[in-house]
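What follows is a group of structures, each given as structure tokens.
Next come two complexes, and both contain chain A; in the first it sits with chain B, in the second with chain C.
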Partner chain A sequence: MVDQPVWEQIGSSFVTHYYQMFDSDRSRLGAIYTDASCLTWEGQQFQGKLDIVKKLTSLPFTKIAHSITAQDHQPTPDCCILSMVVGQLKADNDPVMGFHQTFILKNVNDSWVCTNDMFRLALHNFG
Partner chain B sequence: MFSQKQHQEEAQQVGSQFVRYYYNLFDTDRQQLQNLYTPESLLYWHGEVCRGSTQISSGITNLPFNKIVHVITTDDHQLTPQNYILSMVIGQLQMDSNRPVNFHETFLLKKESQSWMLINQAFRFTS
Partner chain C sequence: MSDGDYDYLIKFLALGDSGVGKTSFLYQYTDGKFNSKFITTVGIDFREKRVVYKSTGPDGSSGKGQKIHMQLWDTAGQERFRSLTTAFFRDAMGFLLLFDLTNEQSFLNVRNWMSQLQIHAYCENPDIVLCGNKCDLSDQRAVSEDEARELAEKYGIPYFETSAANGQNVNQAVDVLLDLIMKRMERCVDKSWIPDGTVRANGNTNADLSESPDKSKCTC
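And now, the complex of A and B:
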């Protein structure tokens, strides 16, 4: 949309591209991280592109599909973009589960990379 | 010099303390939250945009409930390249005597003078 702020366009393109890559061939995700990137996956922290891709490619499912329920993108004072995603995913034959993810995107040499990534499944302790 | 790991540990500590402080203040006297925001702060509240401490504080104070309780299920924290702290919270909240609902919230903290200020924030109900 012409009237959409630039950070929304960038953020929304990024998350679409991210989940498409994740779902089709997550070994290619290295392209969007840098050596300074940080991933927190279900509470475990990984530092740098190599360790991050190692973690993501070692996740114990063959097939995965993400769908985005809601997304928010904001400009930050240091010219980065903060993106928050709520969605659902289905891994192999497991039931559909909710997930939460937050990204910080930074422009490095005319390309938007992910410097910070946090992922959690939507599981709550009721009661 | 601190190692990257030590910096991340510090971010974990500060972020963890901050979110607990934030929800405690929100639940006991949410008018006081104004002091945590700057004139440039940005809050997206379930898709609605608020900018600046006055507008944000007014929006939060005028939310349509008397009593609220937040319970954190999980909270993750990372240091960003610009030394901001990124925090992602998943939890449940209860407004007045309504049934508890799930929420997802992301905070970006920046150090100004000696205080950590909330410069970006996004909140969504997820159930």
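And now, the complex of A and C:
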């Protein structure tokens, strides 16, 4: 069996870790961002660990579960990893909705951090 | 359901905080059922129902029945991830604004929903019916009928205490909303301010649309 490329391994373990944290205690997500990280959440922009965590923790649901349908990872020319996730989520008792999320991961001092994060719901009839 | 044999297509939106029972309310209206574990199929975002509307003149005489194809739109819960945009409100003619009688915050948020409506709806005073839902849970009631009526009066909109669980006042609330919309249409000779495509005479029934303003003039 051929080993997975290293970016696939890093990317997929990041994705697993990210959604586990998001679904259990999203206030801990600060650990994966830096003060220069950017989040675009449904078109709204946030920069820096503090603002990003503030946004994520202020989302008005108490329970959330993500289910990952597919993910793709690529190495970038500057030695980062680009990851795209397609999945479904369920917030409290609302209907299941699709979503897309894209990350750029960068190696800083021997650990991987998320420098860029973009999120959109995959809804097309609601504007 | 999707055949074109109707006189008017009318789109309604159900609004209100998450968990107030919008989906169950619409399900009760279209299917006459309540399912407390109701889960929508992903991709299905509105329900449909056909009704016959009989306009009543000021003298109480009822006119010819008109076939109405109603589309009832629901949110998928995306308001938790982002604010609803103008695109969501596009083409909607009438609004069912729901709150949960057992949840005071959902009642307080009615004001926010009203201002959202004033910003995003096709005009500043669209037709709205306020529904205090879950009135079957009387032992958990957190909002009195009086304070709800008072708020509805302040906005000049009808109020109903409804139960998606047992069906109480569900049909009445939608009927009153439909009546408000049909009356607005009859009042309006120049229909240019009605959102495009939401109300249309269908096929050979075109005559009904152009006739109706004249008819209402006659009865006045």
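Basically, the second predicted complex is superposed on the first by the 122 of 127 C-alpha atoms of A that agree within 3 Å, B and C clash if a C-alpha of one lies under 4 Å from a C-alpha of the other, contacts with A are read in each partner's own complex, and residues count from 1 in each chain.
In this text, a residue touches a chain if its C-beta (ideal position, glycine included) is under 8 Å from a C-beta of that chain, and two chains touch if they have at least 3 such contacts.
Since the structure is predicted, the reported quantities are computational estimates derived from the model, not experimental observations.
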{"item": "Fit or clash between chain C and chain B when superposed on chain A", "value": "fit"}
{"item": "Partner chain(s) touched by A:Met84 [first = chain B, second = chain C, both, neither]", "value": "first"}
{"item": "Touching partner for A:Ile32 - first (chain B), second (chain C), both, neither", "value": "neither"}
{"item": "First (chain B), second (chain C), both or neither touched by A:Asp92", "value": "second"}
{"item": "Which of chain B and chain C A:Ile10 touches, first, second, both or neither", "value": "neither"}
{"item": "Comparing the two partners chain B and chain C, which touches a greater set of residues in chain A", "value": "B"}
{"item": "Partner chain(s) touched by A:Gln45 [first = chain B, second = chain C, both, neither]", "value": "first"}
{"item": "Which of chain B and chain C A:Gln74 touches, first, second, both or neither", "value": "first"}
{"item": "First, second, both or neither for A:Phe61, with chain B first and chain C second", "value": "second"}
{"item": "Smallest separation in angstrom, by C-alpha atoms, between chain B and chain C in the superposition", "value": "10"}
{"item": "Residues of chain A that lie at the interface with chain B and also at the interface with chain C", "value": "43, 98, 123, 125"}
{"item": "Chain A to chain B touching residues, read off their complex", "value": "36, 38, 40, 43, 45, 47, 69-70, 72, 74-78, 80, 82, 84, 86, 98, 100, 102, 104, 106, 115-116, 118, 120, 122-125"}
{"item": "Contact footprint of chain A on chain B as seen in their complex", "value": "4-5, 8, 40, 42, 44, 47, 73-74, 76, 78-82, 84, 86, 88, 90-92, 102, 104, 106, 108, 110, 119-120, 122, 124, 126"}
{"item": "Of chain A, residues touching chain C in the complex", "value": "41-44, 59-61, 88, 91-98, 121, 123, 125-127"}
{"item": "Of all residues in chain C, those that touch chain A in their complex", "value": "18-19, 23, 39-40, 42, 45, 75-78, 80-82, 84-88, 90"}
